[in-house]
Every structure is written in structure tokens, then in C-alpha cells.
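Two complexes come next, and they have one chain in common, chain A, joined by chain B in the first and chain C in the second.
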Partner chain A sequence: MTHRQLQLVLLSGVVIALAILPRVITDVYMLNVLVLTLMYAALSQSWNILGGYCGQISLGHALYFGVGAYATSVFYASFGITPWLGALAGGVISMLLALGLGYPCFRLKGHYFSIATIVIAEIGLLLVHNWDAVGGALGIQWPIGPDSWVTLQFARDKAPYVYLALGLFVITWLVTYWIEDSRWGFWWRAVKDNPEAAESLGVEVFRSKMAAAALSAFFTALGGGFYAAFVSYIDPESVMTFRFSLLFALPAVLGGIGTLWGPLVGAAVLIPLTEITRSYMGGSGNGLDLIIYGALIMIISLAKPEGILSLFHRNAKPDARP
Partner chain B sequence: MTLQAFLQVLASGLLMGLLYALIAVGLSLIFGLMDVVNFAHGEFLMVAMYATFGLWLATSLDPVVLMPAVTALMFVLGALAYFGVVRFAMRARTNVGMVQIFATFGLAVLIQGLAQFFFSPDYRSIPKSWLGGKTLDIAGVFLPLPQVFGGLISLLAFAGLYLLMDRTDFGKALEATREDQGAVALVGIDRNRVFALGWGLGVALVGLAGVVLAIFYYIHPHVGGPFALIAYVVVALGGFGSVFGALAAGLIVGVIEALAATVLPPAMKSIAVYLLYLGVVFVRPSGLFGRL
Partner chain C sequence: MLPDDHATEGGRALLTVDRLTTAYRGLIAISEISISVARGEIVVVAGANGAGKSTLLKSIAGMEKPRDGAVSFLGKRIDTLPGHEITALGLAYVPENKRLFPRLTVADNLRLGSYLHRSKPDRDAPLETVFTLFPRLKERLGQRAGTLSGGEQQMLAISRALMTRPALLMLDEPSQGIMPKLVDEIFAAVQSIRKTGVTVLLVEQRLAESLDIADRAYVLQTGRLVLDGTAKEVRDHPDIRRVYLGM
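Let's turn to the complex of A and B:
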């Protein structure tokens, strides 16, 4: 069995295990944590396409997440269009947005690029905040309806959300898996490692970045659409702030940036710890949850710069960068 | 807009700009020295504000008097942050940039948690001080005294920084370490010491701004974020690593923001600053005065 076939077998195992979990766990709170973990794994996997494989550190993906969440919510709440289509529309809008923004932004390098992404997402946040047609600062409340796979509303049983989040994760994983071995994958890694050398060898650097951005934005928006359906109420602060942009990058960085399994591993460590410390210690507002969360991020990123995954790859070559 | 009103907007913008420059210059200094973007910069500002508040509460001395003590405290904190966190982040062999971002981001969250733990998430303020609430009237242009004081401190800090960089051995060591980290070791400069002093200095500078802000601004655990974002924009606009680029960019940002506030709703005034940043870097990808 080749290495790549082994990855597929591993995925099947993980999917079966995760699909069984909602049958075992009946506690609504734990199911919530599971949904969020899978959702952030999928979102981080999407971020990883641009940030991890192509090396363009975006800290503004909250924009695409917000566009997905808003498109889905507006289509459903105002026109009764199913979130399946709404999320898809959000994905396409985000993709076009990423291409339009990428055109000027990909001329920028390093921190100038990252700060441009932060600033653009902030502009988006402020515009939505003051845009009354999409609810302005108040946001959008989803109409209450019966449980249904058409409207993606499940009031009593949280298991369907687990399957949806798992489905989203599997799709982003498969896309990443396919890309790793495609021409795009090789181009992206070349762009990440040394854009000048890549260019001189005939890699179309600009087109590579644009393709990575479009794909990454599309799936981030799908995640936004899912989140909106899951929480049934969104406002600008709950989907578009800088915190989200960091939360999409963080699992990939902690797990292993630019790797197939990094985002899932990172999310599996980070999200349950965050959620559990928040609910057990955050309620009092004494900041203990923040202290633990901050210390954890600091310690993992300092102790394992290559990510948690590197623990399992004793002989693997770390991805060498100058 | 009448000339009077225009001068008022310009003066307020310039004063706020000087303060933005003072907040940003520490970030710029640290970046120029060692290519580290400090994501905890806003939290250092917040700590300085709380330190001022705490010392004021304990001693009931005026913030102006407390300034040297708070600045010294921040210097120590900066050096500690280098030895405790950043030194390890720089050792990373792979994806150094991300490790720095998230190590300092983790530090930022940790500091926020500590602030909440010791001071609660409530909004605090220093209700009465020598400068608070007073204004200076120059030919019909009203200037709030705390901001005037902040502007003066900022100008003095930049002048001091210029002398330090230009005239002292420490400044030469900073410049040499910035040019070539390996070579300085050969001439007997301890790289770690220079970096720690650089961090101390950078954080002490944001500490000065924190004392000024504490006089006229609300103090809470998340106060740093918006200022940090402006500081990043200022530093990048001026050009990463360019100390005086930060001064120029700070002034430009302050004035643009004040002008925007006259035509846009208050919450939207930052959009003008963000668009300015994008406009500049799309034309000059290394900022106004950056070396790339």
C-alpha cells in the first residue's frame, strides 16, 4: 500500500469513529464541542490551502466566513432559500471576492500582505455593521421552523450537525489530498519556499496564489454558512471579527502547518480545551480561562514549532525554509 | 468647513497622530531590530494603563508623576517578554513567522486574562488628575491638555530615540545587530543582551503612551486591540523597521482619521485609515519609507 492509499484508509477510520461518536455521546454540551471541533478543523483545512501550502499568511479569513454566514442567513431569512444553496452562493461570492482582492494584494509580501488582509476584513466588518439591509449591528435571526434537512434546523437532536460538520471536513480534506499530489500542489509549495526560484522555473506564481485564495475562500464561506445554520443567529461581531481569522489559522499552526492532518489534530487539541475551560472557568469572568488558553497557545507554538504532528514523524524531514 | 473648524480638526488629528506614532514606534523598533511582529503590543499598552491606574489608586500621586515609574516597569516587562517568550520563538527552525505571531498572540491572551483576574473586566478610569478634563484655548482652537502633554512626550521620545540611535554605543550596537546578527557576535556584542534591551526600550515607549492614555481614556482588559491595529497600520504604512517612518505615518493617520470623522459616522472613521494603508502599499509595496 502506498503512502497516499494509507492516508485514505486513515481517513476512513477517522470518519467511521467520528460518525459513531454521536451515538455514544448523548450529552448536548459534548456534542456541541464536537461540532465546533470538526467545524474549525474544516475551516483551518481551508485556511491551510492558502496559508499552509501556498505560504500566504492571511489573517483576514473572517471576511469569507462572514460572507458565507451572511449570504446563507439573508437568503434563508428573507427569501426562504435553503441554506444548502445559500452557502453555495456565499462560497461563489467569496471566491470572486478573493480573486478581486487577490489581484492587488498578492503584489504584497510578508507582513505587508498579512496586515492588508487584516485591514480588508476590518473594512468588511465595519461595512456590514452599518449596512441596514443585512440587519446592521443587530444581525439576522433565523426563523424558527421544524427540524429538517432542507432548512438545516435541528432544535432537539444535535447529531445531524455533527454529520454536517464531518462532511464539510471530509470535503476539505479530500480537496487538500487531491491537491497535494497535483500540479497546483507542487506549484504552491514552490511559491511558498522560494517564489523567485519558482518563477524562473516557469511556475506561474501569481496564478498559483489566486487559485489557492479562491479555493480557500470558497470553503471558508461554506463553513460560515454551516455556522449560521448551526447557531441560527448571527451578527457582525459573532462572525466577522479578527478573532475568527486567528482561530482559522491557529489549529493548522498548532497541528502542523501545510500538512494534511495538521488542522484536525490542532483543532482536536485546541477547541475542546478552549470550550471546556471557558464553560468551567469563564463564567465567573475572572479571566482564568484566558490565562490557560493563552499559556497553552504560547507553550505549544514554542515547544513544537513544526506542530503537534511532528511528534509522530520521527524520521520525516521538516519542511525546510530558509 | 470654516478655517477655524479646519484648524481644530487638523490640530486634534496631529495630537492624536503623535500619540499613535508613540504607540507604534516600539513595534517598529522591535521589528527593525529582529524581524519580529509583536502581537502583544496592544496588551503592553493596556498593562501600562493598568499600572498607572493601580499606582494612582495605591499612592494617589498624579499620573504625570508616576510616568517614570511606569515606564521603568514596562522596560523590565519588555526585557522579560524577550527572555521568557521571544527568545524561544526565534529558535524555531521552521515557520518562524507563524511561531512568532502565535507565541506573542498567546502572550497577549494570557496578559488579558491576568488583567481580568486582577482588575475584573470592568471599565476603569482616573476621574481626577492635573491634566484630565482641562483644555488649552489657542485663538479659538481648543486642545485637550492630556493630548497636548501626550504630543510633547511623543516628540521628546522621538528626539531621545534619535540621540540614542545616533550618538550612543548602545544605538550603534542596535544598528549593527539589525544589520548582521552573526557578525556582531564576532566583535563581542552579546546579541541576547541587545535584543532584550531593544524589547525593553520598545515596550517602555508604548508604556509612555499608556500613561498618557490612562489620563483621558477608559481602561479595560481589551482596550489594547484597536490601538494595536492602528499601530500595525502605522508601522507598515511608514515602512517596517523605519522609526521615523512611524512618526510620519502616525501623523498622517491621525489627521486622516480626524478629517474622516467630520464626514463619516464615528464608527466608520477607521475605514479611511485602512483605505489609505491599502492605497499606499498597492503603489509602494514597502510602505512610505520602508527598505525592502
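Let's turn to the complex of A and C:
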């Protein structure tokens, strides 16, 4: 069995195990944590396409998440269009937005690029805040209806959301899996490692970055659409703040940036940890999760800059001569 | 001295550089350089440190924008094209610092060179040539490029450029920082590369060795072309014998 086939087997195992979990866990709170963990794994996997493989560290992905959430909510609440289509529309809008924003932003390098992404996401947040057509600061409440796979509303049973989040994760995983062995994947890693060398091998650096940004934004918006359906009420603060941008980047960084399994491993550590501390501390724990993120970033960058996954890599040692 | 006319006769020139001037922040690095390379040649550009040899190659490869002058490759103006398009036309450039992808394996580095071509047979075709030239790369395929020795990294950089299936290969000081035994191997490889139909433009400080394998040579001094001719003419020139060859 090749290394790549092994990955697919591993995915099947993980998916089966996670699909069984909602049958075992009945506690609504725990299911909630599971949904969020899988959702952030999928979102971090999307972020990883641009941040991990192409090396363009975006800290503004909350913008695309918000666009996905808002598109889905507006289409559903105002026009009764199913969130399945709404999320896809959000994905396409985000993709176009990423291309439009990438055009000026990819002329910036390294930290300057990251700062630009933060600023643009904050501008997006302010715009939505003041845009009355999409509810302004009040946000959008999803109309209450019966449980249905068409409207993605499940009031009693949380298990469908687990399957949806799992589905989203599997899709982003498969996209990443395809990337790893494709021309784009190689080009992106080349752009990340050394843009000048990539250029000298015939890689269109600018177009490569644009393609990675568009793909990454598309799947981030799908995640936003899912989240809107899951919480059935959104406002600017609950989908577009900087905290989300951080939460998309962090699992990948924690688990292993630019790796296939890093986002899931990172999310499995990070999300339960923050959700549980948040609920135990109640209102007094406001901001504690940010302290945890900060501490984790420091620990990872000092002890294991390549992430948790690098602990298991035999061939990652530099002296691996045959 | 007049620009070279050996290679331009009958329009056989693969590469023509016409009065090229490149400046860094107003500082002229090369001034009105004219050279030409005909198909099947090995041409060496020699000169001391800071003579502008690397700037010349970078300007041809599209890594530096020339201030003035023209570069034509296969009869097409390329001095306004971005680097990746120049590579796609069949002009491969191996920079001085090699610029490998250290975290990728040797195989993946080679693969990156080949992605210019769409079909898999097209992509894999140059592999055989590469392994004949540098058998030791075949043994190291699964190893990360960053763990190779200096000489092996140079071999990989040249091989990666060959994977783009170029008509012209430009090498910037391939002998730099490499143990003497491997330098001979690399110079021998350059000759073999020419036999596979690839034209070579070589920048070197090691004048004696490069004149042994070259057909023609250009000598630069502080950004200007001071001498050109066949390898023999340049080797026998009194100034060259005195200044560069220590005779």
C-alpha cells in the first residue's frame, strides 16, 4: 500500500469513528463541542490551503466566513432559498471577493500581507455593522420551522449537525489530499518556499497565490453557511470578528501547518479545551480562551514549530540519509 | 571592440543581447552589453567579482528589469516578459545560490521543474538524461534537498532546470563552493548536456577550466564588455594570460 492509499484508509477509519460518536454521546453539550471541533477542523483545513500550502498567512478569513454566513442567512430568511444553495452562493461571492482583494494584497509580502488581511476583515465587519439591508448591528434571525434537511434546521437532535460538519471536513480534506499530489500543490509549496526559484521554473507566482486564495475563501464561506444554519441567528459580532480569523489559523498551526492532518489534530486539541474552559468559567472567563491561544502559540513556536504532527514523523529528521 | 559577429551570421542566434544596461537604484551594474549565443554552443561569460556577470544572467532571465537594450530569444523579444514566461519559452536559469526547495525531496524538486509540461510522458522524459548525467541523484531521490552536499545540490539545481526541457541553459557559477573533484564532474556534465542538444551559457570565475569546455567567451570588467572571441583567442590574449591565468 502506498503512502497516499494509507491516508485514505486512515480517513475512512476516522470518518467511521466520528460517525458513530453521535450514537454513543447523547449529551447535547458534548455534541455541540463535537460539531464545533469538526467545523473548525474543516475551516482550518480551508485556511491551510492558502496559509499552509501557499504560505500566505491570512488573518482575515473571518471576512469570508461572514460572507458565507450572511449570504446563506439573507437568502434563507428573506427569500426562503435553501441554505444548501445559499452557502454555495456565499462560496462563489467569497471566491470573487478573494480574487478582487488578492489583486492588490498579493503585491505585499510576509507580515505586510497578514496585516492587510486583518485590516480588510475589520473594514468588512464595520461595513456589515452599518448595512441595514442585512440587519445591521441587529443581525439576522432565521425563521423557526420544522426539522428538515432542506432548511438544515434541527431543534431537537444535534446529530445531523455532526454529520454535516463531518461532511464539510471530509470535503476539505479530500480537496487538500488532491492538492498534495497536483501541479497546483507543488506550485504552491514552491511559492511558499522560494518565490524567485518558483518563478525561474515557470511558476506563475501571482496566479498561484490567487488560485489558492479563491479556493480557500470558497470553503471558508461554506463553513460560514453551515455555522449560520447551526446557530440560526447571526450578527456581525458573532461571525466576523478577529477571533474567528484566529480560530481558523490556529488549529493548522498547532497541529502542523501545511499538512493533511494538522488542522484536525489541532482542532481536536484546541476547540474542546476552549469550549470547556469557557463553559466552566462562565461569564467571568471572558477572554480566558484568548489567553489559552496565546500560551499555545508560544509553546508551539518554542517547542515544536512544525506542529503536533511532527512528533510522529520518522522521516522528518534531517539526517535521514539512505 | 565590436559586438560578437560569429554567432549572428545567417540569423542562427538562439539568444541575442543587444546593448543591455541594468542598474540597481541608479547604480549601473552592466552597461551596453551585447552578446549572442548560437544553437549548440557552450559560451562562457568570465570576469572578476562585481563585473556584472550575474546581473547579465538575471537580466536575461527576467529576474531583473533592464533599464535599456533588448534581449531576443528564438527570435522573440523577451526583455519585457515576466520570468515564468521566459522559462516557458525554453530558457532555463540556475541562479548562483541554487535556490532549491530544501524541505522537499530530491524527487519533488525535480518534479517541480517538470510541471511546465502538461502530459506525464512529457514531464518524465528528461529524467533519464538527468540520471545518466548525475547517477548519484537517483540514489538520493527520497532525501530532502536540504540534506544534500553542496555539489549534489548543484547537480540537483542543474537537473531541475533540465526538467523544464530548455533550449538554452544558463548557469551562474556552478563551481562555487564545491569540492574540486565535483567541479570536474560538473564541467564534464555541462559538456554532456550540450551533447543532448541543449545550448549552454555559463558564468564562471574559473576561467581556465571553463575555457577548456567553451566554444566562445566574453570577458566583462566592471559592467563593460572588454573582450570576446573564441575560447582559444581569449585564452591566448596577452591581457587574459597575465591577469586571469597568471602566466
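Basically, the second predicted complex is superposed on the first by the 298 of 322 C-alpha atoms of A that agree within 3 Å, B and C clash if a C-alpha of one lies under 4 Å from a C-alpha of the other, contacts with A are read in each partner's own complex, and residues count from 1 in each chain.
Definition applied: a residue touches a chain if its C-beta (ideal position, glycine included) is under 8 Å from a C-beta of that chain, and two chains touch if they have at least 3 such contacts.
The shown structure was predicted, so the numbers you read here are calculated from the model rather than taken from an experiment.
**Q** Using the superposition on chain A described above, determine whether A:V203 touches chain B (first), chain C (second), both, or neither.
**A** Touch status of A:V203: second partner only.
**Q** In the overlay, answer first, second, both or neither for which of chain B and chain C A:F186 touches.
**A** In the superposition, A:F186 contacts chain C only.
**Q** Of the partners chain B and chain C, which touch A:L126 in the superposed model: first, second, both, neither?
**A** Touch status of A:L126: first partner only.
**Q** Per the contact definition in the header, classify A:L296: touching chain B only (first), chain C only (second), both, or neither.
**A** first
**Q** Can A:W84 be said to touch chain B (first), chain C (second), both, or neither?
**A** In the superposition, A:W84 touches no partner, neither chain B nor chain C.
**Q** Touch check for A:N194: first (chain B), second (chain C), both, or neither?
**A** second
**Q** For chain A, give the residues common to its interface with chain B and its interface with chain C.
**A** Dual-contact residues (chain A): 318-321.
**Q** Considering the complex alone, what residue numbers of chain A touch chain B?
**A** Contacts found on chain A: 57, 104, 107-112, 115-116, 118-120, 122-123, 126-127, 129-130, 242, 246, 249-250, 253-254, 257, 285-299, 301-302, 305-306, 318-321.
**Q** Show which residues of chain A lie in contact with chain C when the two form their complex.
**A** 183, 186-187, 189-190, 193-194, 196-205, 318-322
**Q** Using the touch rule from the top, collect the residues of chain C that touch chain A in their complex.
**A** Interface residues on the chain C side: 61-63, 82-84, 87-88, 92-95, 99-104, 108, 111-113, 115-116, 139-140, 142-144, 146-147, 160-161, 164.
**Q** Which bits of chain B are touching chain A when the two form their complex?
**A** Against chain A, the touching part of chain B is residues 31, 37, 85, 88-89, 92-99, 101-103, 105-117, 120-121, 221, 225, 229, 232-233, 236, 240, 265, 267-268, 270-271, 274-275, 277-278, 281-282, 285-287, 292.
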